[in-house]
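In the two assemblies presented below, chain A is common to both, partnered first by chain B and then by chain C.
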Partner chain A sequence: MSTPTLGLDCDVIVVGGGPAGSCAALVAARAGLDVVLIERGPFPGSKNMYGGVVYPRILDSLIPEWWLEAPIQRWVTRRSTMLLTDTQAMTVDFRSEAWGRPPYNGATAFRPDWDFWLAGHAEAAGAQILTSTTVTGLIRDASGAVVGVHTDRPDGDLRARVVIACDGVNSFLAKEAGLYTHTDAKHFTLGVKETLALPEEVIDERFNVRDRQGVDIEILGGTSGVNGGGFIYTNLDTLAVGVVLKLPALAAQKARPEDIIATLKAHPAIAPLVQGAELKEYSAHVIPEAGLEMMPKMTMPGMLVAGDAAALCLAAGIWLEGVNFAMASGMYAGEAVIEAIKAGDLGSKGLAGYERRLRDTFVLRDHRKLRRAPKLVLSDRVQHLYPAMVANTVERMFRVDNPAPKPGVRRILREERKRAGVKLSDLARDGWNGFRSFG
Partner chain B sequence: MTIGSIVACLKWVAHPGEPNDERFAGMSPADQSALEFALQQGAAMGVGVVAVTVGPAGAERVLRDALACGVARAVRIHSARPMQSDDVAAAIAAVIPDATWVWCGDYSLDRGSGSVPAFLAGRLAAQQALGIISVSRSADGVIEATRRLDGGRRELLSVAAPAVVSVEGATAHLRRAGLAALRAAGKAPIEVVQSSTPAAPYDAVVHPYRPRARALAAPAGDAALDRLRALTDAGAAVSARGEQVTLEPAAAAAKIVDALKSWGYLA
Partner chain C sequence: MSTTPPTNRPTEMLEPHAWGGMSFQERMATAEFRIHHEPHIVVDGSVCSDCSTRECVVACPASLFVPTSDGGIVFNHEQCFECGTCYLVCNREGAISWNYPEGGHGIVFRRT
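What follows is the complex of A and B.
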């Protein structure tokens, strides 16, 4: 372990023991730097929630064969996308046996388990983890560079060569540092979730899986008219059922998130899946939804921002991936810090390797590729008009109206588009946007 | 090994609801109070406090918490398995024969029989002040302690060293560790000693005796507050249900047993 420069308490302070913070601390500590990770909860992960699926491919290099030890609930082998109206449901369902074998694809996991496990790796690499400690502000030198943090403990200042802010969505540190030029409620969604207990065999049977296979269902519609989406994930003996709601829409409709989940659970396509389940937990958290549109400046002299603190969560309709983006950005922040300390330059230039890594990898590439997706998916037409249009079209395609002959699909589509009040020009524009976003 | 005169006995306990999960383990509230009193007394007397625990290596976390809060030394008496209360007391007594003030939590969250402090006082031939809810120190080093009795009664004790004092959980609020101390505690050395007493196996989980539930008539009173008062005795002048006697220990014990039988606590 290196000896920090005189007047400094350590080399690197990482704020936040979520996936971003633990990966940053792990990488920096492995390089022999003196790393302190500060977490406000009593243990890393204790305060954290999410929907429930991690995609840990990025860990292959950091923790080889992570799947042998990671605290997972089920391996996701089925992915479904469900479109709901009040009385209809259309599902596209995919399953792959390959996702149930090493090296796996996605898995359901509880955050208090996952984050604690990752933080354990950082600690084993030599990082010191200080829990039940909240960072309350930044220490800056005369030039404005960040040189440490204030905490809520007595004698609570800690000085370091560099601070990596991984304090999650709505990062007070990034805001205090002036890295966000503006924040807007429309850039955020509120995610709420119920954890519902059912016996393992019942989940296996209802979701048509076995041997720790799991299911990820993403839902469009079913959010009581509030723009957003829903999800159902299978844990070993619980289900995660939740909704993600656009904040201004939620406020405007004066709707209560728990009522929206209750309505979703009562939907005829969902009710049989959750019947008889016992509510174990209700949790809620804000999601930085707007991607590129809301991202802050990633570095300033003496400080980098990673994970949700940098709005790096990818929330693009059928994709809700934040943990892998957090782990990757944390890792890259750690690498950039090692490089900058070696070069003896912790200014913007010295830390530029961080943004370069983000730009050159899936982190910003996926965001750039899917930059139109969040807006499109949460738009009024996609939310309120298209589900009914598509569901009614499919219903008529499969309805047998004898003695009337089967109508052509084009005719049904035209009629249903008109019935739904969708202009052809809007449909074409959204189709083109969708193609450019997801294509 | 000789150990300082003010000792805090601390136990690392699993959360009763999550017995196998270290994330939820910690120091019982009563032990936190004990540690705070020990630290206050140590500061007043200008003496460093020693924290002692009995347990496996994992139990050192409780000592690191104590170090972060300001104890001067931390000693773990190694024991890989749970031990009977008297064995725990014997193991501690063996390493703190000269202690003058020993602070314990009244009872831990996991076993909660509150017997270790009593056994410890017996082993150290020290005074015992158990189940204490408030403490003040007088100038001559004597401790004035208030002890909770049944029926809302209180007993006032003057305790002189050497003594074992066990305190209830809400009696004192453990200070928040400073940042530098917290960092240093993570790396501070912890003395480990092997228990000198061969421990009897401890498998059974013993819970303190709890009287059976009895059906009671609904409390009288028109207002909710009156009914609450009737239920709890709160604020009411307690009627003297007990009697005060002065007896030899054997006769006193027999009288207590008779009383417990007549109240239905003993068959």
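What follows is the complex of A and C.
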């Protein structure tokens, strides 16, 4: 471990012990830098929740065979996308046995477990973890460069060569530094979740899995008319059931989040899955959903931003990822900091390796590729018109109206499109947008 | 699904027994809060009194914003998830001053 320069408390301050912060601290500490990771909760992960699936492939290089030790609940081997109307449900269901074997694909996990485990690796690498400490602001020098943070501890100022802000979706540090030009409610969704207890074997039976296999169900249309989506994830002996709601729509619709979950759970296609389950924990968190449209400037002299703090969360309908983006961006921030310290340049030029890494990897490439998706998925047509149009079309395709002969699918689709009030030009435009986004 | 929010649901579906007879207080009691005596969020009721939209009342997942009969808002910080929804949906400049609680306090999601 290097000795920090005179007047400094350490080389690197990482703010926030989530997946971004712990990966940043892990990488920097392994390179021999003196790292302090500051976490405002009593333990890393204590402030964090999400819907429920983590895709840890990016950890292969950092923690080889992570799956032997990671605190996962179930390996996701089934992915279902479900479309709901009040009385109908349509599900596209995929399962793969390969996802239930090493090296695995995705897993359900509780964030307090997952984040605590990752932070343990950072600590083992030599990072010092300061819990129950809230960072209250940035310390900047005369040139405006970040040189440390204020905390709520007595004599709580800490100085370092560089600060990595992994302080989550509200990132007051990125805002204080002026890296966000503005904050707009329409870029955010509220996730609310119920953790519901059911015996392991009941979950196995209801969800048609066994041996720690798990299911990821994403739902379009079950959110009481509020733009958003629903989800069900299987943990070992609990279910994570909840909804993600576009903030302005939630406020305008006058529907309470817990009522929206209750309505989803009462749906005929969902009720049998959750029946009799007891609420273990109710939780909520805000999600940065707008991707590239909301992303801040990623660096400034003396500071980098990673994870949700940098809006690096992918909410692209059928792809809902965040922890992997957080872990990767934290890792790249750590690598860039090592380079910058070696070069003795912690200004914008010295830290440019961070943005370069983000641009050259899935972190920004996925966001660029799917840049139209978040808006499309949360748009009024996709949310309020298409589910009924699709479900009614499918219902008529499979309904046997003897003695009437079967109508052609094209005719049904035309009639249902009109009945749903969808203009052909809008459908074509959305279809083209969807094709360009997802194709 | 209809194009308008569903209003035709049987009202009993929205009653507590639909999720197992649990009141909102019981729901909130499932989460652990290490309460600090000093509120980390301060609501300026004088700004709220002429707000008719009251986004915070609907959107706060912990239902911490309660309208009063005299047209104000009462806010209690104790069971706050620290999510940020309230300041994000609020349309009134200066109504909500929002900070994180002192280190070690506030919501603590559980490890298994």
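Note that in this section the second predicted complex is superposed on the first by the 439 of 439 C-alpha atoms of A that agree within 3 Å, B and C clash if a C-alpha of one lies under 4 Å from a C-alpha of the other, contacts with A are read in each partner's own complex, and residues count from 1 in each chain.
The definition used in the following text is that a contact is a pair of C-beta atoms (placed from the backbone, for glycine too) under 8 Å apart; a residue touches a chain by one contact, two chains touch by 3 or more.
If you're wondering where the values come from, they're calculated on a predicted model, not measured in any experiment.
Applying the stated clash criterion after superposition on chain A shows that chain B and chain C can sit side by side. After overlaying the two complexes on the shared chain, residue contacts for A:Val192 are found with chain C alone; chain B is out of touch. By the document's definition of touching, both partners, chain B and chain C, reach A:Phe116. In the overlay built on the shared chain, the residue A:Lys280 is in contact with chain C alone; chain B does not reach it. Of the two partner chains, neither chain B nor chain C is touched by A:Tyr233. In the superposed model, A:Leu158 makes contact with chain B only, not with chain C. Chain B and chain C, viewed from the C-alpha centre of chain A in the overlaid structures, lie at an angle of 60 degrees when rounded to the nearest 10.
Between chain B and chain C, C touches the greater number of residues of chain A. Once the two complexes are laid over each other on the shared chain, residue contacts for A:Thr183 go to chain C alone; chain B is not touched.
Legend: residue contacts after superposition of the two complexes on their common chain; A:Tyr354 is shown touching neither chain B nor chain C.
Shared-chain residue A:Ser46: touches chain B and chain C both. Contact with both chain B and chain C is seen for A:Thr133 once the two complexes are overlaid on the shared chain.
When the two complexes are laid on top of each other via chain A, the two nearest Cα atoms from chain B and chain C are 8 angstrom apart.
When both complexes are aligned on chain A by C-alpha atoms, chain A residues 42-43, 46, 112, 116, 133, 151, 153 touch chain B in the first and chain C in the second.
Taken in their complex, chain C has these residues touching chain A: 1-6, 8-9, 13-14, 18-20, 22, 24, 27-28, 30-31, 34, 53, 55, 58-59, 61-63, 81-85, 88-89, 99-104, 106-112. On chain A, the positions that touch chain C within their shared complex are 40-43, 45-49, 71, 84-86, 110-113, 116, 131-134, 136, 151-153, 169-170, 172, 183, 185, 188, 190, 192, 221, 224-226, 247-248, 250-259, 261-263, 265-266, 278-286, 384-385, 387-388, 391, 420-421.
Every residue of chain A that touches chain B in the complex is listed here, in rising order: 9, 36, 42-43, 46, 112, 116, 128, 130, 133, 151, 153-158. Within the complex, the chain B residues that touch chain A are 23, 176-183, 186.
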